[in-house]
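Report on the structure given below.
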Amino acid sequence: MTEIFGYPIPVILGQLMLGLVNGSFYAMLSLGLAVIFGLLGVVNFAHGAFYMLGAFAAYIGLEALGINYWVALVLSPLVVGGAGIVLERLFLKHLYKLDPLYGLLLTFGLALIFEGVMRYFYGSSGNTYPVPDALQGVFNLGFMILPIYRAWVIVASMTICFATWFIIERTSLGATLRAATENPRLVQAFGINVPLIVMLTYGAGVGLAALAGVLSAPVIQVSPLMGSSIVVVVFAVVVIGGMGSILGSIVSGLALGMIEGFTKVIYPEASNVVVFVIMAIVLVLRPAGLFGRE
Amino acid sequence: APNEVVIGDIDDMSGVYADVIGQGGVEAIKMAIADFGGSVLGKKITILTADHQNKPDVGASKFREWADQNGVNMILGGSNTGVSIAMSKVAGQKKVPFIAIGAAGASLTNEDCTPYSVHYAYDTTSLANGTASAIVQQGGKSWYFLTADYAFGTQLRTAATEVVEKHGGKSLGEVRVPLGTTDFSSFLLQAQGSKAQVLGLANAGADFTNSLKAAQEFGITKQMKPAALLAFISDIHSLGLKTAQGLYLTTGWYWDLNDATRAWSKRYFSVMKKEATMNQAAYYSATLHYLNSVKAAGSTDPDKVMAEMKKEKINDMFVKGGYIRADGVMIHPMYVMQVKTPAESKYPWDYYKLVKTMSGEEAFGPITGKCQYAKK
Amino acid sequence: MQRSVVLLYAVLVLAGLVAPWLDIYPVYLMTLYSFAIFACAFNLLLGFGGMLSFGHAAYFGLGAYTTSWLVTAQHWGTLPAILAGMAVAALAGVVIGGLAIRRSGIYLTMITLALGQLVYFVCLQAPFTGGENGIQGVPRGTLLGLLPLRPDMTMYYFVFALLVLVFLGIRRIVSSPFGQVLKAIRENEPRAISLGYDVNRYKLMVFVLSAAIAGLGGSLKALVLGFATLTDVMQGNSGEVILMTLLGGAGTFLGPVVGAGVVVTLQDVLSDRVGSWVTVIIGCVFVACVLAFRKGIVGEFLAWRARRSVRAQAGGSADTPAGEAAPAAGEAAVSSR
Amino acid sequence: MPTEMLRIEDLQAWYGESHILHGVNLTVNEGEVVCLLGRNGAGRTTTLRAIVGLTGARKGSIRIRGEEAIRLASHKVARLGVGYCPEERGIFSSLSTQENLRLPPVTAQGGMSVDEIYAMFPNLKERAASPGTRLSGGEQQMLAVARILRTGARLLLLDEISEGLAPVIVQKLAETIRTLKARGYTIMLVEQNFRFAAPLADRFYVMEHGRIVQQFEQRELADKMDMLHEFLGV
Amino acid sequence: MPEKHLSEEIILETRGLTKEFKGFVAVNGVDLKVRRGDIHALIGPNGAGKTTFFNLLTKFLLPTRGTILYRGTDITHEKPAQTARRGLVRSFQISAVFPHMTVLENVRAALQRGLGTTFHFWKPESSLYGLHDRARQLLAQVGLQDFADELTVNLPYGRKRALELATTLALEPELMLLDEPTQGMGHEDVSRVTQLIKKASEGRTILMVEHNMNVVSSIADRITVLQRGTIIADGPYAEVSKNPQVIEAYMGSADTELQGAH
């Protein structure tokens, strides 16, 4: 049998594979979003912008300073995460006592600023970031040619997602984070420097977005608009997974990437909207999201 | 502005087509004004520029505002067919001559034509007549298209399909790609599934270069022969000859065609540090032609100028003996080129070898009669 | 209404009536009014319904598309086409609102954002919207077959009249029996439930009203400028209407109008001069609003006036230390749980 | 001259706009058990929260072992050796019992070891792996107290720890407090349950409308019963 | 008592009402009958499940198992607002008022429902002025007549509770559920609210959660004691207060009689 529902299996498998690559980005981004939301109660609208900045940091590093991919993979999240920390100190920390909507609006404004600045300097068309030499080449999977780099993206992001999950759910640092999520002021009264943790968490979440940005740079065009186009999808992923649920973010990120890929085979016109349609269905059936606690 | 002749330029200054016209277009207009002497009918010639961001509404609003508020006399622009159609609607309403350049859609001189619009440089018909026929004649019979999902892509794909079928080939289908797509892999995988011989790239600018690169990454160019339905020298430059070699494309102008083009290009290059695309060269030609027509008409009255523009032949470094047909198409020769291999390329920007020259009539075909102001 | 407020309104209406005679570009004013209507609609939901929608462009855009398509392709009259635009927007409000009110607060916001994006993609692909090109060359038609709206002057007064109507209409909605229930829900939702109000139906109702009025804004914009395009349904448009409302003052009546005025003017003045910095400036205004200016222009003014009158009464004895000021009315309006 | 563990002078505190404490003055000496009495809403919880920095704005002076703490962030106050057990217990539902227990960082030497704590509250050992809020009310209360014993904090602020507990557990808590006192801990108790607090405390403060209105010692207790009756209805 | 009068006599009944939270059983098979006209008190230690039980009755939570009968009708699966419209109205453990509305508007918000114009977004506010007389009457009942135009946030705590009661009364409830109505009140307030409840109980039934035994003993006709989600005693005050199991579960040391912490 070479067909399922009249679609050639190689095509379906190929699209699922590509979907998994996209899903890896969704998972990493929604993971960072969930971590930040969990601790800061801020829906980080600028998450897409940080993803974009991560990719640009790698791109600029290569173009202007000759920094190679592997160094960028470490440096870019640090730089962008650092910038995130500065923003948290300057702006976000003034909003914790207010309605979470203000955090959303503030980060929306920040996203506009980043995007506008990068547009000014780099135009809105994309820039190409080369695939690192070590990851050049392809795997012939039989049903498709899979560039090694894309396979690397899947492996790398799954590793990172698992590591993040492990830290939060299984370590004492994670326990502190979870406690601070529930009642930050009390945790602070126990002698834990919660503002510091909050700041570092924001930095880490933002760094995660930047890391996803670096990973994505050789796959897609590095463009100022790359963040705003993905962030809304990631929001939908988070709503589907259940806001604040780490596992939910990872699982639904990957799954939705693959569902999107599958849709591209059977009904390409709907591939842009399938995530939103699933979100609507989930909302009707389980308003708290698949993994969410009410 | 009573003591000025105002030329407007509404274009993609920052988006996917910015390299194709953008600031280079502005520079070309300036060169034309300088060559003309800076004033016409005793009035100073000034330029307004705006970025339409590839949004039809932005282009149309800007056009309307300049017409209502700034007394603009002529507007150049385009790059994007959708935006150009929107602007030509306003041109018709406000009676401001509009020279569309870089927007390929042939509908600008057919269904969407107005008495005030002119289409310079190339259109989908001439592009398809060039590349598609050349490739089918070489044996590329079955095609699958990767189409930019808006007016330009659709028209280009339609025109190419007609040409392919006319020459005995067939189209196996298409996949429509949204504007601004950054990852073409899944669309290409679909194209690959079609098992066609030729991958028709009915897109332009960054979309074109990205899709070609992705096709290579996924080993698709090994099975399918890519055909650029619209490619510019800036695209070839950014792709590099190693990637682009052997590609067929159609162009209305090339910097290295003859002495006149080389001389002009030297001036252009000294400012912009890169060679001009056919669009940028056309900007120069169109501006000059408009100014000559104003001078000849002795007035900036749009109707008089339009009549003059359609009457006079165009002779400059862009074209010898070109003319604007009743429906607004500027008729001039088109060149089918093949991209050189790195070994063939002898000096910087030595990218093309001429495969075939098509006369203006051959390239643009007969008047269709779809334009209500220019019946057959 | 207080005397001073009535006086202020009279002055504003007068200004609106003479404005086109003062060499102000009427198309600019009409665009401004369309967005002011849009912002008023948005404010009805945020300021008086306590729900922050990040997908309001959907209703605006659907209004614009529907009206444009009906007058262009179906040759409908202007007024029926506007009403149909509102109806379609309202219908979208029923669907999106119905889903979104299943959650509250930021969840609601994220859901509206995502569903707004869904509408965007539908408009991108639906056959009648013209995809990337939009619907161009939309005629203004005539009012009831009598008054041609093609001249900017007639169109101006038509749009202005509708703005005034919307403004007064929203005032009425807010003070109506329905508005009272809405306020109660915003103030304390569990309590409103326990009083026997099926709060979701009221929330949905205000959602739909807001969507319909936003649709009106979109319809008018399309007629004024002659096109409906994807920009109308894009996320950026939803962001802008939030900014207008926030900047002017959420939960105040005049705020959205003032905010729309500032934002539209800003874009108009800046876009030629600074190009892509417009986005940056808008972003900065957003940040400034959220950090320092949460009540918005009108809200800050009202607060200032209230403070002055309190001080006049009490002789200025405030024993709360700085930094712990009273929660602002605007903030209360935004917070929804 | 006993050393002062805690000295509060003219402490004022707000929640948002509402002014709750209007100038509280009190001292607690090292090794003492002091009980804060008062009606509902008198401001006793607020006093404890103000010490650890959990109210809104604060004014006045809070000295812990002589060190001014009014401007310190609350985690720094904790590091001066203050352990706070909140009225609402504050057990974290996403943490297991053991994680809850280990959450507060050790800030000084001399805290109890986990084994010692388990020996004191065997129930907690038994339920170490289950989520904190699955414990019964009494167990949660034990956990809330036990949690701060690990940290080495020598000044314990205990808010209504006997509330809603079965008498057996209340008795056990009383024993615990005696043990802690014997070990030299300084304890400030806030109690509604006068019967529980009366035999434990060395000294009493009575609060009313955000001020201290009375102060007396254990031995004066009998004489003060009428006054307490009037103030507290006990 | 003849069988057919049972539903007349028993206004509210739960059968095997159970609520589990992820394996934890907060309310466990509660069979409770509330007689029409009674002031019925629900007591029990913290975490016994009283608030949860209330939330089940008013549909803020869905029961895991069991049924709720109100005047003989099964209302287990109705929506909260529907239940409220049947005349089963609750007050909250924390004060529940509309803070940025005036005291009068608070009461009016409750009265308004009766007009049937709550969706009329086109009617002016003046269409509600007819309710003001009744609202002032209700405010007078709880001693708030002088505060009618005050903004509610500015009221002291005790008055907010009084307002909440007036608002609840405006709904003409047949069965009122009060969750710790005297919590957070000073002594004077406590006795005033106790009297208020007593007065409000005329012609209606009241089910209340209360820790303050002075209140319970002075006004409750019947007491149910809940512990770990199950009923351990049920009956008149005098009877329940001597029940050794209650003494053990709630009061503890057997040397005292049933008495609150107050």
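Labels for the chains are A, B, C, D and E, by order of writing; each one numbers its residues from 1.
Everything that follows uses one rule, which is that contacts are C-beta pairs under 8 Å (C-beta built on N, C-alpha and C of every residue); 3 or more make two chains touch, one makes a residue touch a chain.
Not measured: the values here are computed from a predicted model.
K.L.:
Counting only C-alpha atoms to place each centre, which chain is farthest from chain E?
P.N.:
Checked the centroid distances; the maximum from chain E is B.
K.L.:
Centre-to-centre on C-alpha atoms, which chain is most distant from chain C?
P.N.:
Result for max centroid distance from chain C is chain D.
K.L.:
Once you find the CA centre of chain B and the CA centre of chain D, what distance in Å lies between them?
P.N.:
Distance between chain centres: 79 Å.
K.L.:
Can you work out the whole-Å distance between the CA centroids of chain B and chain C?
P.N.:
Computed value for the inter-centroid distance: 40 Å.
K.L.:
Roughly how far is chain A from chain E, centre to centre by C-alpha average, rounded to an integer in Å?
P.N.:
Each chain reduced to its C-alpha mean, chain A and chain E end up 48 Å apart.
K.L.:
If you look at chain E, which of its residues touch at least two other chains?
P.N.:
Counting only residues that touch two or more other chains, chain E contributes none.
K.L.:
Indicate the residues of chain C shared as contacts by at least two other chains.
P.N.:
124, 275-276
K.L.:
Give me the residues of chain A that touch two or more other chains.
P.N.:
Chain A, residues with two or more chain partners: 119, 272.
K.L.:
Using the touch definition up top, name the residues of chain D that touch chain A in the complex.
P.N.:
Residues 52-54, 73-75, 77-79, 84, 86, 90, 92-95, 99-100, 102-105, 107, 147-148, 151 of chain D touch chain A in their complex.
K.L.:
State the interface residues of chain E toward chain C in the complex, per the touch definition above.
P.N.:
Touch list, chain E to chain C: 58, 60, 79-82, 84-85, 89-92, 96-101, 105, 108-110, 112-113, 115, 117-125, 127-128, 167, 171.
K.L.:
Mind pulling up the chain C residues that touch chain E in the complex?
P.N.:
Per the stated touch rule, the residues are 172-173, 175-181, 183-184, 187-188, 190-199, 201-202, 205, 209, 329, 332.
K.L.:
In the complex of these two chains, what residues of chain C are touching chain A?
P.N.:
Answer in residue numbers: 52, 54, 99, 102-103, 105-107, 109-111, 113-115, 117-118, 121-122, 124-125, 235, 239, 242, 246, 275-287, 289-291, 294, 331, 334-336.
K.L.:
Could you list, by residue number, the parts of chain B that touch chain C in their complex?
P.N.:
Listed in rising order, the residues are 13-14, 50-51, 55-58, 60-61, 64-65, 68-69, 81-82, 85-86, 89-90, 93, 149-151, 178-179.
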